[in-house]
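Here the chain labels run A, B and C in written order, and each chain numbers its own residues starting at 1.
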Amino acid sequence: MKVVSLSGAMVLLERFPALAGVDFEVESGEVVLVRGANGAGKTTLLHLCAGLLRLTQGHGDVLGCDLATERAAVRRRVGLLGHDTALYGELTAVENLRLWARASRVGAADVAGVLESLELPAGRRDIPIAKLSAGQRRRVGLATIVLRRPELWLLDEPHAGLDSSGRRIVDGIITAAAGAGAAVVLASHERRLSDDLAHRSVTLAGGCFAADAPDVADPAATADPADPAAPTDVAGEPKL
Amino acid sequence: MTSESADAEVAEPRITGYLGGPARISTRFTFWLGVSTLIGFAAVAALGLLAAPADDVQGDAVRIIFVHVPSALGAYAAFAVTAAGSLMWLWRRSLWWDTAAHAAAEVGVLLCGLTLVTGMLWGRPTWGTYWEWGDVRLVTTLILFLVMVGYLSVRALGGDSASVATRAAVVGLIGAVNIPIVNRSVTWWANRTLHQESSLTDGKLEDLTLFTLVLAFVVCAMAILWMMIHRFRVGWLERQISDRDLSEALRARRAEVRQ
Amino acid sequence: MTFWRDLKFFVGDAALVASKDLRIEWRARSAFGQSWPFAALVLVLFGFAFDANRPTLELATPGLLAMTMLFVAVVTVQRSVAVESADGARRMLLLSGMAPAAAFAGKSAAVAVQLLIVLVLLIPGVAVLYGASVESVPLVAATGVAAALGLATAGSLLGAVVAGVRTQQAVLSVLLLPVSAPVLVAASRAFGDGFGTVAVNGWSWVGLLLAFAAVNAALGASVYGALLEET
């Protein structure tokens, strides 16, 4: 089943074409890595798929909902981990998760269990998350998505700020989600961390998918033409 | 989508007026409208200042109604357009109405300011005071003026044009829905309005005064129309230009990949 | 059936947002640092401005209370907006899928509660400093609630209008103060009756305050979603 289907999608952020016409498809159960330099449009792509941004041109369907008319319905069914945590700093991890679970109507939320699986130390669960370290906040942010069990996971640099045990947990969660049939889109410029995880990868540059353009962010990658993860299969993307 | 077709698609942005008309602020119609308005102003000035008789009670001060009353009604009409345009933007995302709402707000603030100033100038010799807190229409008009100044300051915030339009539209509607309440509150509060009832209906006006006032209404309506059309066209062309900038930005954005 | 279920969700979500905001304000202790000292300062400074003349101050009490509530509303709404702007937290409201009208109701309710707390603290203040005394407790209480609801709904709506704007503070004042003119007029009259300083029918002014709150609540409920999405 197609979870994401974008064609010619263009998004303007204050008149800046952050996405300048992309075609993008993701099937359920698939883990897609979106690579690209800073400012290539990765975050915009994720926010578009989350139903947070308006399409200026082109067409998009996410989870069977038209992005032009049914963005509110999309938002209820995705999980988005952004650069910022989208949590309230004065509330504790447990309070944030309970709030989130009730707001998104997750019945019988196992808040303690989810925090346990993300290995947030028990002593850190009941203090305002503004006092947690960046990596711990990130784990709480991830916990909101685990709690919701969305059909589409949109993770912006999920490994950023995490230690090796955190990365291992994230990888486990992503693999489990894809195994359960969810689609996962990862945005990252740290390709080494995500390559093993992804079924395929695509590269954004200048708000477009570059089929085989070199990864601008990672010069080492250009020296590695035989990267198995690099070939992209995005339909209709021209060689620029 | 191939890059060639994508480039071609945005290669020749054509700037046009509304409905694809010529990209000009002035057309033959608005030129003659402007000329007739100027002639009308001259006629109103001549009739109002020289020909129309002074009032038995108010003396020469009465002549200010030729400016005050038409501009007041014009301001209310303009704000009604702003409210309607705000509603149409929020409801239908109509760019036409959004541009019209902005144009009407600017014209309306100008006329509303004129109304307040002429009202105060008239109040001094007639009521003996520039400002009377107890007067319902005066205070309501002042509040309306302040809200619409707020509308224009929201318009000036900058940023994404759709988000500015939405912010401003909400302010336009807040102004519209609260005006009846402002009016009611001042009525109860003061309960001692000084404002004369409509001068037109009490039948006391001289024929020439009445004629001049009607002419002033017509000329004022023409002036509003002229200003609104021009402001609307400027707004519409600004949009077109930002669209052209957009296609250049798009080309630059797509070119980033080749670097 | 659907209606009752929707209503249950609406009330539940609104209560969730309101309790969240109040809990955050409690944790941040922002009231101690901002709105309470501010309100106390207004009381004291008015005393200086009116030349330490107790009869004048007593007469000015109703208007002063209304004015202070209005100023405190500006500060409180700013906090309420800041809570959602920090760290992308507003995305939670959008992604949760709750009705925007419920979020608006919740945020307004939290502001109204904070305004009422300030009012409760102010009344002993005017009694001590200005020698004012409450003649009709129900009327003063009803006026306080109605005025707080009106300021909270209009304030939350305009707060959403300026959310994410750099010059937020100034623009919010420019927008909220004129729109709230009827609250100022009506609340000073109604408080005047409640404190026995003016001979008017305070209850009809309470009705006007409620009408103001209702109009702005209805408008806010219908356009809050557009503001959340677009700004």
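Some notes on this structure:
Just so we're on the same page, contacts are C-beta pairs under 8 Å (C-beta built on N, C-alpha and C of every residue); 3 or more make two chains touch, one makes a residue touch a chain.
Being a predicted model, the structure only gives us computed values, none of them experimental.
Shared contact partners of subunit A and subunit B, listed by label: C.
Which two chains touch most often is answered by the contact tally, and the pair is B-C.
Taking each chain's centre as the mean of its C-alpha atoms, the one that lies farthest from the centre of subunit C is A. Think of the whole protein's Cα atoms as having one middle point; the chain whose own Cα middle lies nearest to it is C.
If you average the Cα atoms of subunit A and of subunit B, the two centres end up 47 Å apart. If each chain is reduced to the centroid of its CA atoms, subunit B and subunit C end up 32 Å from each other. Taking each chain's centre as the mean of its C-alpha atoms, subunit A lies 39 Å from subunit C. Each of residues 159-160, 162 in subunit B touches at least two other chains.
Shown for subunit A are the residues that touch two or more other chains, namely 54. For subunit A in complex with subunit C, the residues that touch the partner chain are 50, 52, 54, 71-72, 75-76, 78, 80, 82-91, 95, 99-100, 102-105, 128.
By the touch criterion given at the top, residues 9, 12-13, 16, 20, 23-24, 27-28, 83, 86-89, 91-98, 229 of subunit C touch subunit A in their complex.
Contacts from subunit B toward subunit A in the complex involve residues 1-4, 6, 159-162, 242, 245-246, 249-250, 253-259. Taken together, the subunit C residues at the contact with subunit B in this complex read 154, 157-158, 160-162, 165, 167, 171, 174-175, 177-179, 181-182, 185-186, 189, 204-205, 208, 211-212, 215-216, 219, 223, 226-227, 230-231.
Contacts from subunit A toward subunit B in the complex involve residues 7-8, 10, 12-18, 20-21, 23, 40, 54, 205-208, 210, 213, 216, 236, 238, 240.
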